[in-house]
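Both complexes shown next keep chain A, but they swap its partner, so chain B is in the first and chain C is in the second.
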Partner chain A sequence: MNRHSKKRLCFLGLSLIIPVILLAVFVVYPFWELIYMSFLEWDGVASIRPFIGGANYQQLFFKSPEFWLAFRNNLTYLLIHGLMMPLELVLAVVLSSRFKGANFVKAVIFLPFIINGVGISYSFSYFFSPVEGGFNYLLTKLGLGSLIKNWLSDPKIVNYVLSSVSIWRYMGFHIVLFMAGLASVPEDIMDAAIVDGANGWQRLRFIQIPAIRTVIDFMLFDVINGSLQMFDIPYIMTSGGPNGASNTFSIYTIDTAFKYNNFGLASSMAVIMIAMIVAVQMIQKYITSRIRRKEGHYA
Partner chain B sequence: MHKKMILTGKYLVSLFLILLVFFPLLITLVSSLRMPGSLDSHSPLWIPFDQITFSNYSNVLKEKYLLTSFINTLKIVVVSITFNILLGALTAYCLERFEFRFKQVIYILFYLAMMVPTNIVEIARFRVIRGMGLYNSIGAPIVIYIAANLMQLYIYRQFISGIPISLDESAMLDGCGYFRIFSQIIFPLLAPATATLVIVKTVSIVNDMYIPYLYMPNNRNRTLTTFLMRYAGARQNSWPLLAAGIIVVALPTILLYVFFQKYIIEGIAAGAVKE
Partner chain C sequence: MKKRPYVLASGLALALAVTGCGGASSNSGGETTKAAQENVTPDQGEQEDGAKNNADRNISCTITLATWDVAASKTFDELDLEGRFQELYPNVTIDIEEFNAEPEYFNSMKIRSSASELPDLMFHKSDSMNQYKEYLVDLTDTAANKDNQIASEYAIDGKVYGIPDRKANDYVYYWTDLFDEAGVTVPETWEEFVQVSETLQQHFGANDPEFAAICMGAKDAWPTYPLMEYGPASESGDGYYWDYMTTEDAPFAKGTAIRTVYEKIFNLFQKGVLGADPLGVTYDQSRALFAKKKGAMVLNSPMFLTAYLADGYDPTGLETFYLPFRDSKDDAFNLVTQGDCFLTVTQHSENPEVAKAFLEFYFSDAWYPDYIASISSDSTMNSFPKELDPVLQTASKLQSDVSFVTYGAGESDFIRMVSETKFDCKELGVEMLTEGFNPDARFDELDAIWAEARSKLGL
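Presenting the complex of A and B:
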């Protein structure tokens, strides 16, 4: 070994040792422990942790309707956010066309993303509250008082109400990301398309959307992850209530572990969740790479 | 005529969006200026000037743990982001510029760590943190943010791959050591990425409630978000008091946003748009 490669090794070792130890201790080991715990019956305290095979998984799949309800609630967030994406894209196109004040609008709609979720959740608890709530006030003023419902205590609508809060919080973020993508579309291409007589929809479909594929990928990833991990909004606004109707995966898992001291069962939930997120990401990668191959490279 | 209609449409859309954002915020603001306990039949959007009171604010500001939680938040942000930046840039540099044994293994582990949702791993991480005696200390969130919040790797690798390798090589011919190449040539060139990361991470750490809530139940270790939760819990029935609390806690990030609005928006967007 010559002096040069020794120095190189020294550099690599010194640089990587701390990050790798941190990774091993706080990510890899807990991850392994999570999988292991999912096969145990454990209350988080006892020194004996009996191995019970797949019993936790069996219980989840066959005897836990609450678990599946929580999962379905996460899908509600995903569905609503997914449906909003095309609208957010259109709004981004509108705000991207230069007009006076467009930057101000952009700054305002991004504001909710900067505020902490705890504060937002409390504000909206007030907004939707049956007593003095701003939303009911608005409906009454608009002559729609008959539509008033128990927004946060009716199990049929509570998840949609919570999803709308999530939309309020992230819409500006999504629009700004779309705008950043749209800004990277070369102007001469757009001008040429206009000269060729392409209308707004055609420009969007054949030039802008293919050009911002990276942004769309990122946002899908973010929306899927965010929806499956939804925690603070439902936790603060309803604590998963009424009666578990607005529980989400994260709330249910954390409650199972820390409130009901069933770490084994909670771990098996976590494993299923992680498996799902990884699977979704792989499917997404596969699909986007196929689309790319099919259409060639636009961007 | 046609052009005018389109422009009017744009302004209508803009107006709608602005109202949508401000409506709930305005209600919170108006409520925070109201006498606590006054039963309201009046508009949640308006308060006559002679009825405005700042007593709710003085109430929040007098809270014993407000300053403590602000300082805690600040400490957590500064320490964890500093380490995130230094370790992240160094790791990305090693992974991008060098070939070595176990590189693939290390790379895959980091990649998996970026993919796995952090929220849910806490069930298992909890034991590790408690075992190290970090439970109920601000060391817990700091160490978790440093170890498991890894988006910097992705962004730094992108950036480093754009820096010509001839720069490293010529520095090496001049007799520069690896640490000097990194600290004096590469790291300064990463400044835009670093700025983006500082912004994005500050916002996300200040606003995170999950980790502090889980690991630091102690009053002395509150952060701004868990302070607000405790404050709200104690004032269940008084919206004006709670509203003032919400605004005081949100103020630091809102002020940051007002001053650095352009950089924040660009920084956050850049993180996502980079191919």
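Presenting the complex of A and C:
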């Protein structure tokens, strides 16, 4: 090894050492601690932390209906966001076509995403309030007073109301991402398709969607991740209530740790959440790669 | 006096907790020096100006005091807490750590306890002291404890760890003109209370869909506590009812005090006297509704009155009565009373003697009388009795013959049971307000969970 190579190696080693230390201290060690804590019985305060093996995991899976309810609520967000994706794509296609005021419309649609999530949650909390709430006022003015419901206190509808707020917040972001992807589709291919007589649906199905597959993959990752970790909107608007009906995984984890003083159980929930996200990503990757291979085979 | 709002800090603490990460430092005083510590000279009980002089008067350090009570923190500023203490200890500065709400306060303290970073002095609730007892200094021998009316009732294993700076019982605040208009009088039994609530709801609710005979704000869950938390103690006459429950396998069985009172409360809720959507209204909203007379009654502590007046609302026509849980006028009128805001000294303090001296000062003539006069709650100190606000006095005039029941929020066994069963009486109140709640099935389920948890914990 000559002097130049040695220097290069030394430089590489030195420049990697800090990121590695940071990663070890702020990611690896806390994660290891989290896993370790999930096998302890600890109230978060006492100095004694008995090791109880997998009892926390056992309790979660077999003796915690609240855990499954929270999980189901997370899936509601995932389902509704997933259902909204095609609509977001269509809106992105419409907005990508040049028309007067397109930039203004784009800005308005993107605006909710840049507003603070806490602020949005508080605003909608008052919007759906039964006391001088804006939504009920609108319904009354439109002669639809009979449709008024207990928007945030009826367990049957509360998750859909909260999901709608989440949609309102993230829709603009998703549309802008789709638009960025659509902008990368070469215009000559689109023009050629038009000349060949392809209609709008065919252009979307056979040119635009395949071209923005990476964006769709990212969006799916974002939606899955965001839905499973949903916290601010339900926490501020309902605190997981009424009676846990809108609890999500994150709220339930925090309640378990701080309200019910069970840090061990809460840690096991955090580990499960990480495992779930990783598992879902792997499944998503497997499915998308299969689809790609299949399409490549027929192409 | 330095004041530090702890909103961001608690957020960070929460993040650290989730990642299981916490730093370790023994310095809780900030500017505390080793030299200062060495200057501490033990003294045997000498008391000057109400402050026990165990620490060197010239000591130079900063002591930290953490509180969740924003109103009290404001009072510390207005009444110059630091300046008054500096008349005794001129070189001691006081750093107030102010949290916006109780949950955030205790979340942060939990993280800090495991990192040995608790403040020198911190306020506690009666139940939280039990959890933190291993980090608290024994205050049994302090002059403040000896002069306090109720501190010893909250002793843990015979040791007093915190001195309550106030005591209070709950009241039903009501508008006299609304009562007059509806033709109802102050109830003396539970049945009368239900009847009065129903009459008010029917009278005013018929024309105003937002009206609630009882403004509860149950969206926040905690405002159900006068019923759900104090009910069992009042019904049984046992302030330590939660501890009693840890000795029973079926504490929710028919005929038990808790089952009886919860059935009464459920029946009250079924009458619709909490308005059209009680779970959709927050406590703040319910207070505003009450101020606008869109509600006739509010169940709360004297802190309600403090906050109500601080918000600039007019109390004209506002009076109080005690909530009657009793079934007959011949029964004793049990009134649950509780010490609150327990001042404690932590073992993480680098200057425990100064912290103790501060505690003695806090409950001395140099500070306490002015402080307790500025809040609505009652005094806990024998030497400094207090005349309550006229609004609160109306309750004792209406019902002077009461049996006080000192409330304990549950000792360590109960805390373990709560952790295991996730039993939360206030959330149960919310549950009772949700459609389809089946009390018999739920109480049976609670009994089953309770018995299993007792067996698991070996109680």
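One rule holds in what follows: the second predicted complex is superposed on the first by the 294 of 299 C-alpha atoms of A that agree within 3 Å, B and C clash if a C-alpha of one lies under 4 Å from a C-alpha of the other, contacts with A are read in each partner's own complex, and residues count from 1 in each chain.
Basically, a residue touches a chain if its C-beta (ideal position, glycine included) is under 8 Å from a C-beta of that chain, and two chains touch if they have at least 3 such contacts.
Computed from a prediction, not measured in an experiment: that's the story for all the values here.
Chemist: Is A:A192 contacted by the first partner chain B, the second partner chain C, both or neither?
Modeler: neither
Chemist: Is A:S97 in contact with chain B, with chain C, with both, or with neither (first, second, both, neither)?
Modeler: First partner only.
Chemist: Which of the two, chain B or chain C, is in touch with more residues of chain A?
Modeler: Of chain B and chain C, the partner in contact with more residues of chain A is B.
Chemist: Taking the superposition as given, does A:Y29 touch the first partner, chain B, the second, chain C, both, or neither?
Modeler: Both partners, chain B and chain C.
Chemist: In the overlay, answer first, second, both or neither for which of chain B and chain C A:S267 touches.
Modeler: both
Chemist: Of the two partner chains, chain B (first) and chain C (second), which one does A:A257 touch, if any: first, second, both, or neither?
Modeler: both
Chemist: Could you tell me if A:A180 is touching chain B, chain C, both of them or neither one (first, second, both, neither)?
Modeler: first
Chemist: With the two structures laid over each other on chain A, which partner does A:P155 touch: chain B (first), chain C (second), both, or neither?
Modeler: Only chain C is touched by A:P155; chain B is not.
Chemist: Check the residue A:S15 against both partner chains and state whether it touches chain B (first), chain C (second), both, or neither.
Modeler: A:S15 contacts chain B only, not chain C.
Chemist: Does the superposition put A:L87 against chain B (first), chain C (second), both, or neither?
Modeler: In the superposition, A:L87 touches no partner, neither chain B nor chain C.
Chemist: Overlap of the chain B and chain C footprints on chain A, residue-wise?
Modeler: Common to the two interfaces on chain A: residues 26, 29-31, 33-34, 37, 132, 253-254, 257-258, 263, 267, 270.
Chemist: Which residues of chain A touch chain C in the complex?
Modeler: 26, 29-31, 33-34, 36-37, 43-47, 66, 128-132, 150-155, 238-239, 241-245, 253-254, 257-263, 267, 270
Chemist: Help me check something: in the complex, which residues belonging to chain B touch chain A?
Modeler: The contact residues of chain B facing chain A are 7, 9-11, 13-14, 17-18, 20-25, 27-28, 31, 40, 43-45, 87-88, 90-91, 93-94, 98, 100, 106, 109-110, 112-113, 115-117, 119-128, 143-144, 146-148, 177-179, 182, 203, 206-207, 209-210, 214, 224-225, 228-229, 232, 239, 242-243, 246-247, 249-250, 253-254, 256-257, 261, 264-266, 268-270, 272-275.
Chemist: Spell out the part of chain A that touches chain B in their complex, as residue ranges.
Modeler: Per the touch definition, chain A meets chain B at residues 7-9, 11-12, 15-16, 18-20, 22-23, 25-31, 33-34, 37, 91, 94-95, 97, 99, 101-102, 105-119, 122-124, 126-127, 132-134, 137-138, 168, 172-173, 176-177, 179-181, 184, 214-215, 218-219, 222, 225, 228-229, 231-232, 236, 249-250, 253-254, 257-258, 263, 266-267, 269-270, 273-274, 277-278, 281, 299.
Chemist: Quick check: in the complex, which residue numbers of chain C touch chain A?
Modeler: 14, 17-21, 103, 106-107, 110-111, 113-114, 131-132, 134-135, 210, 219-221, 276-281, 285, 289, 415, 418-419, 422, 424, 427, 430-431, 433-435
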